Amino acid sequence: MRINPRFTNKFVQIGLNLQAFFTVGILVIIVAIICFKGLPYVNFEFIFSYPEDMGRLGGIFPSIVGTILLALLSILFATPLGVGTAIFLTEYTKESKFTKIIRFGVESLAGIPSILYGLFGFIFFVIKLRMGWSLLAGVLTITIMILPTIIRTSEEAIKAVPRNLRIVSYSLSATKWETVTKVVLPSAIPGILTGIMLSVGRAVGETAAVIFTMGSSLRLPTSLFDSGRTMAVHFYILAREGISMEKAYGTALVLVVSILLINVVAYYLMNKAISKYS
Amino acid sequence: MIKNPVKKEQLVKWVLVTFALSSLLFLFLIFIFILFEGLPLFHKIGLKNIILGFKWAPTKGSFGIFPMIVSSFLVTFGALIIGAPMGLSCAIYLAEYSGKRLKMFLKPALELLAGIPSVVYGFLGVVYIVPIIRDYIGGSGFSLLATSIILGIMILPTVISISFDALMSVPKTYREGSFAMGATKWQTIHKVVIPAAKSGILASFILGMGRAIGETMAVIMIAGNALRIPSSILDPLRTLTGNIALELAYATGDHRLGLFSTGIVLLVIIMILNYIANFGIKRKM
Amino acid sequence: MSTKIAISGLRVAFSKNEILKGITIDVHRNTITGFMGPSGSGKTTLISVINRMIDFEENAHIDGEVHIDGHNILDGGQNTVELRRRVGTVFAVPIPLPRSIYENIAYGPRLRGIGDRIMLHYIVEDSLKKAFLWDEVKDRLSMSALKLSGGQQQRLCLARTLALKPEIILLDEPCSGLDPISTAKIEDALSELKKDFTIILVSNNTKQIARITDFSAFFYLGELIEYDTTERLFTKPSVKKTEDYIQGKFG
């Protein structure tokens, strides 16, 4: 018997509808569980006090500080490197063997899983360069890890700036660098910021690459050479070692909400960047 | 083209070249240091004894990681079996069925899944998926099945966004031609649009595999980490990534070198997958 | 009357496609010189050599000499940034930078290191007045330049060029997209400006060339067909082709 194509068509359409909403449902359920379970334990004290008894009691203040320090410092290093690379690839050279090799390097970096970044950071920064488990080792490892994201998003943002604006700038006696800094970059900023925000999100949520480089000290890091614990690492240890489910849910809530907020800002900036030239 | 040397411009250019080269330098360092640490053990123990060895007892001189290689591929294919059809159908829905406003909401929502940290996936897997499997299907719950489900969800954003781009890049005229011949929407999609976007969809699966095989924290929380090849989907298993993450913190001497050897194997697999996805497939598009 | 720009034997080719086939022409100081000809005659390419904007085109091959005040600007050692300050350009389509009216005008002077606010104010006001735009925008200098009308944007671009204090102004069909009123304003501005500048006006509009230029050159398929005072060229052209073009028989 041949099935009526119109019937199949309708059937598939309903199926795909359900599928899409099921997938979005997963996101909603994850966020809902974390919020529902975590909310009772998150309050002012939880956020601003120090953990006690391995995290069984008290708050998560040092890990919040550790997370912010790790993310901000990584961005501080990765942004000039990444945006500079993007400027070089788009403005200062034509497509050639050389750019192909660089692009290959960037693509390869993007594909390396975070545990290998952890492995590398551990042997190179922690052991060989004798940094020990430290904020600095974590920052340098994460810098390399987020670099490809910043390069790619910056490159796209720079490419989207109309060529006419560059021509006008040159005709007004600007040098290439003046054109890049005064005309191209200001127009590309929303797109570049999108990449930065996505990278911040990655740094905040990362565990494997952080735990073996920055370590997991519960104390507040006060120098670049102190070990520290990010929220993601803290959450992992609380959950994996069964220290406290309550604190784990509370930490997860702060972690997930921060990441969602960062991503929402990133999408907002991306839409702004897209609508600018279309 | 006439060139005009201006000193500052030259300086800027050289600084930017240095920046651009830094990515290559980092890649080089990563390779060198992982290879440098891991290769001597291959020499000492023998490539075959490591890659095809069944026994991992690094403090007793056994460095066999064959079960982990198999397990890594098992969870990857498990993730693909679950994530690929789900992701592809979401991508088809987004590209072909959803209206513009719904798309504006759905696409970022689906991409937010990628933002959820892997430890959170692992944790929810332990708290919800593992007990359900233990109570209703059997085993300890820490299993190939649980890991595949979680990884299947985790690769969704990769599969969806790359498949979506591939579907969107199919020219409108293809669809119009098919509709003009009286085909229904679904006939048009599966006879015309999907074949035209085939290579991009395939690339999305392979990049999804890369994501799954490299995933670590979620996996060690739910896989059970047993040191043997699982004989059923309810058995626990240990992946290459899990092996590194579980033991790196305390390993010393040859034991640590063994973890770097594990890293080399993982790196090789990842590079091959990325190469296939980026060059082997995209070139045909 | 002295020569400002002396072009001799200029050839430009893109890949194998020769756009300018040996142009020799002298442009006089403090005059408006019209370059006219049907599309494909090479007039736009010719002015892009004079300001060296042609450097941004790929595969352009240039031969010959272009002297400004006796100095060959096609020399390898020519500082193109300095050249483009001396040779200002107004493009066919007005392209304001995505910033305020004030900042658009101040862009060039700032690049030269003029940071003094009073000085900048003076330059902005003076340039806008010379471009006949001041009265229309004096109360909203901080408004985005993108919000101006097309005709205002083109005068803004002219003012922006004037703010460079150039010696030569190249205008590439500046009125092609404008209404008659805006066109008239730009023409009025140009007639005033020739006292201080050497102006080259590229246009397909023969009536406009006849109205405001002192000298006219007619180009056809990469060659200079005829060059003379505008009066003579329009009343007694010596080449049949020129006559046909002026009378609108082709173009």
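Things to note:
A, B and C are the chain letters, set down in written order, and residue numbers restart from 1 in every chain.
Everything below uses one rule, namely that contacts are C-beta pairs under 8 Å (C-beta built on N, C-alpha and C of every residue); 3 or more make two chains touch, one makes a residue touch a chain.
Predicted model, so just to flag it, every value in this text is computed and none were measured.
Here A-B and A-C are compared, and the pair linked by more C-beta contacts is A-B.
In this assembly, C is the chain whose CA centroid lies farthest from the centroid of chain A. If each chain is reduced to the centroid of its CA atoms, chain B and chain C end up 57 Å from each other. Look at where the CA atoms of chain A average out and do the same for chain B: the two points lie 17 Å apart.
Between chain A and chain C the centroid-to-centroid distance comes to 49 Å (mean Cα coordinates, whole Å). Shown for chain B are the residues in touch with two or more other chains, namely 6. Across the assembly, chain A contributes 175 as residues in contact with two or more other chains.
Within chain C, residues 81 each touch two or more of the remaining chains.
Within the complex, the chain A residues that touch chain C are 164-165, 167-175, 178, 182-183, 186-187.
Those residues of chain C that touch chain A in the complex are listed here as 51, 53, 56, 81-82, 84-85, 88-89, 91, 93, 95, 97-99, 107-108, 111-112, 160-161, 164.
By the touch criterion stated above, chain A contacts chain B in their complex at residues 5-6, 8-9, 12-13, 15-17, 19-20, 22-24, 26-27, 30, 33-34, 80-81, 84-85, 87-89, 92, 101-102, 105-109, 111-120, 122-124, 128, 144, 147-148, 151, 175-177, 201, 204-208, 211-212, 232, 235-236, 239-240, 248, 252, 255-256, 259-260, 262-263, 267. Those residues of chain B that touch chain A in the shared complex are 6, 8-9, 12-13, 15-17, 19-24, 26-27, 29-30, 33-34, 37, 86, 89-90, 92-94, 97-98, 106, 108-113, 115-124, 126, 128, 153, 156, 160, 183-187, 210-211, 213-217, 220-221, 241, 244-245, 248-249, 259-260, 263, 266-267, 270-271, 273-274, 278.
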